[in-house]
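These notes concern the structure reproduced below.
As written, the chains take the letters A, B, C, D, E and F, and residue 1 is the first residue of each chain.
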Amino acid sequence: MNDGIMPVSFSAVDNLPYMLMPGDLNSNNTVFGGRVMEIADRLAGTVAMRHSGKTCVTLLVDSMKFLAPARQGEVLVFKAAVNRTWNSSLEIGVKVYAEDLKENTRRHVVSAYFTFVALDDQCKPIHIRQVVAETAEEKRRYKEADVRRMRRLEH
Amino acid sequence: MNDGIMPVSFSAVDNLPYMLMPGDLNSNNTVFGGRVMEIADRLAGTVAMRHSGKTCVTLLVDSMKFLAPARQGEVLVFKAAVNRTWNSSLEIGVKVYAEDLKENTRRHVVSAYFTFVALDDQCKPIHIRQVVAETAEEKRRYKEADVRRMRRLEH
Amino acid sequence: MNDGIMPVSFSAVDNLPYMLMPGDLNSNNTVFGGRVMEIADRLAGTVAMRHSGKTCVTLLVDSMKFLAPARQGEVLVFKAAVNRTWNSSLEIGVKVYAEDLKENTRRHVVSAYFTFVALDDQCKPIHIRQVVAETAEEKRRYKEADVRRMRRLEH
Amino acid sequence: MNDGIMPVSFSAVDNLPYMLMPGDLNSNNTVFGGRVMEIADRLAGTVAMRHSGKTCVTLLVDSMKFLAPARQGEVLVFKAAVNRTWNSSLEIGVKVYAEDLKENTRRHVVSAYFTFVALDDQCKPIHIRQVVAETAEEKRRYKEADVRRMRRLEH
Amino acid sequence: MNDGIMPVSFSAVDNLPYMLMPGDLNSNNTVFGGRVMEIADRLAGTVAMRHSGKTCVTLLVDSMKFLAPARQGEVLVFKAAVNRTWNSSLEIGVKVYAEDLKENTRRHVVSAYFTFVALDDQCKPIHIRQVVAETAEEKRRYKEADVRRMRRLEH
Amino acid sequence: MNDGIMPVSFSAVDNLPYMLMPGDLNSNNTVFGGRVMEIADRLAGTVAMRHSGKTCVTLLVDSMKFLAPARQGEVLVFKAAVNRTWNSSLEIGVKVYAEDLKENTRRHVVSAYFTFVALDDQCKPIHIRQVVAETAEEKRRYKEADVRRMRRLEH
């Protein structure tokens, strides 16, 4: 293992299930969006820290899209991976599916991009090892992450 | 009250305090970002439903920025208001401060934009009453909300 | 700002919304009273600490009245303000409304009085700045708080 | 068992332990008062429903006194019993101790009186079976409950 | 009190009620098993620490049987007692009933055996005082606990 | 896909991370065992339902061993898979690791076996599709599950 680089797969999580129960629903009896955000942030932070081996804190949630509601009886399934690293920051992509366990079907319900910054013991940003995109899908996300970053710096 | 329009102030919340306790902290002993997102989503949804008088669901969290960490002993103070309405959707701006109750000081720690859509009983988008920006600040946010929307439609 | 006195408005909170979800209900499917108490205590403690600028702990909850049940689909709205200060203690009044966001109506559902004591670093009671009641309503509550205190000392 | 009367002991709970963990503490690292209220309300409601065999809802928390703080490493021990019944309402007394499991000592930290009303299926108050105080202690509490009730009706 | 031995009754809890609310249910609208485990572990740990006067940590949950589901409107009632002590470890038996408060009936829904080990300040196992089984029921459980232990050591 | 059989890999979860925060700790500042049980039960139930395509409820937790404590700053990583199926029941094996994200090390901290039963709409046990163990490891667990079942039926 080279400490300077690490593949996306090293820190990725591709199947974190969370079974919805009544305490996870909103007043509309669909899943409470705030609960999804909470789980996604906990997961994305874990991926960021696993990749970098450093303490990481959330800087930005950039475009979290709710595509469809999820309901009791469904299981949320979370995926998260490093899209790209920069000097001391990194972007984590999160996708959430609603899985119907009886029908064995999945719908894509949420997408989000989280940017974290790695900190040293004095809470100063610190250089992190870079990520290596290996698959075609990872390479596409790697490229798009930089476009998003440019757009963010622009505005 | 005209059912067709409503001022920003009708639905705005400008001082929702939340005292941080150990159960709100992350492994770094600063406030867990996911908890802030959960409270912000619950609040923004309330503002959206109070303005529109309809069931509203989160469509998009767009640019939630964490500017500084908050710590135990501080109080998070949330503000939320409708920035702009469109046909069946509306943007809610949320700002979060960390208030030190002993020093009587506040730091701005989080900003976020939430877009909600109003739904009828069949879960179809439904026309909502429009918001009226009255103060200079409200007018600036009203204008900027449309720029953000254009940018979102573009990408 | 005179450190010796502070108006009621400095620390008051008049619109803290909390949208009810299934996880907030009791076995009767109305709001669980214990949840209301928990939110009210967190809020009242924040008001006490914001007014005094000191660590405050709950001494007494005195007459918390549940006037009507609240249901899913409603939003609880909490108000809290300092009613009166004494040497090292202060009374916070809390009112809770159930707001129907679709009908734009509010019902008064809970009233409560919380007494807090301010503590120094050795956990000894410490003198606090006094509150100034400015409006007619604040003056009425200021007067009544002393009657309640006399009654408490009596029994 | 006579359905018209029931002894205090039938519904009383005299040893409900709750071990304090970091998630139960406030920003001062003592037990969060709101958590104590939540557990006390859940327990008092259970005692009221066990005595009456009816759905019961909280009407009033009357004089909840916090006598001393409790800390991590301690166990809260709750006691609750019916103090007195009236036509459709009843008063439940709750006492909370902080137990140090290593020293085998207990301090009395909280006292509270909860009044509940029993409801029929249309949510109307309904007559309940009366309680019988058997021990000297129960008889004292039975008598005092009526004094408190008179005082409440007076004010 | 002899520090070397202590009766079962000293640390036993025989009536810990927990009223089920919607937030305690699973996607099937019966009680979520994980919630029962959480309450049982918190309770068993309290009994272990009260008996031993030491810090205790869970070593083993051995045969937790779910005999029947519990539903909203019911109250879970937990019982826990030391079954047997060995040098530095002890077995706690937990039984859970579902009580219907209106019908005044109880069903046995869960049984479990928890083994804890007592630790000194360096987190090393430490000798604990022994338990004395006094009633016929306690003596039966004392004997059976050793059979279970033999079986565990065997496998 | 043959509806009558399904490989272990179809329903297995091998990397569910859960970052420990202060609200997950016990009074000893190590992870609260009850929280681990709650997450493990939610996960094992998901695996059981994904394999069977039926509603499943927990019947038995059999030998949940806590091998070592986990601490704040660590991430719990859960693995779960079907070990074996019988007519209407199935055994799920769960393993939990404590991962140190900075050192990139893992310790095995918990092992557990959960047995679930699949139910039809009348809550009667229902036949489920059988599992196929493919790898050497899966075949070993498949064999051992039957030994455990025999032992359970024996006692």
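The rule is simple: a contact is a pair of C-beta atoms (placed from the backbone, for glycine too) under 8 Å apart; a residue touches a chain by one contact, two chains touch by 3 or more.
These figures come from a predicted structure and were not determined experimentally.
S.K.: Which chains contact both subunit B and subunit E?
M.R.: A, C, D, F
S.K.: What chains do subunit E and subunit F have as common neighbours?
M.R.: Correct list: A, D.
S.K.: Any chance you could check whether D-E or C-E wins on number of contacting C-beta pairs?
M.R.: Per the contact counts, D-E leads.
S.K.: Compare the contact pairs of E-F with those of each option in A-B, B-D or D-F, and report the one where over half match by residue number.
M.R.: Interface equivalent to E-F: A-B.
S.K.: Can you compute the centre-to-centre distance for subunit B and subunit F, using the mean CA position of each chain? Integer Å is fine.
M.R.: Their C-alpha centroids are separated by 40 Å.
S.K.: Could you put a whole-Å number on the gap between the CA centroids of subunit C and subunit D?
M.R.: The computed centroid separation for subunit C versus subunit D comes out at 22 Å.
S.K.: Please tell me the distance, in whole Å, between the geometric centres of subunit B and subunit C computed from their C-alpha atoms.
M.R.: Each chain's C-alpha centroid was found; their separation is 25 Å.
S.K.: Approximately how many whole Å separate the CA-defined centres of subunit A and subunit D?
M.R.: 46
S.K.: Would you please write down the residue numbers of subunit B that are in contact with two or more other chains?
M.R.: Answer for subunit B, listing residues that touch two or more other chains: 19, 22-23, 26, 32, 42, 45.
S.K.: Throw together a list of every chain pair that touches.
M.R.: Pairs satisfying the touch definition: A-B, A-C, A-E, A-F, B-C, B-D, B-F, C-D, C-E, D-E, D-F, E-F.
S.K.: What residues on subunit A touch subunit C, complex-wise?
M.R.: 22-27, 29, 32
S.K.: Give the list of subunit C residues in touch with subunit B in this complex.
M.R.: Going by the criterion above, the answer is residues 13-19, 42-43, 45-46, 49-50, 53-54, 75, 99, 101-104.
S.K.: Which residues of subunit A touch subunit B in the complex?
M.R.: Those in contact with subunit B are residues 26, 28, 30, 32-35, 37-42, 45, 55, 57-66, 69, 112, 151, 155.
S.K.: For the complex, give me every residue of subunit C touching subunit A.
M.R.: It comes out as residues 19-23, 72-73.
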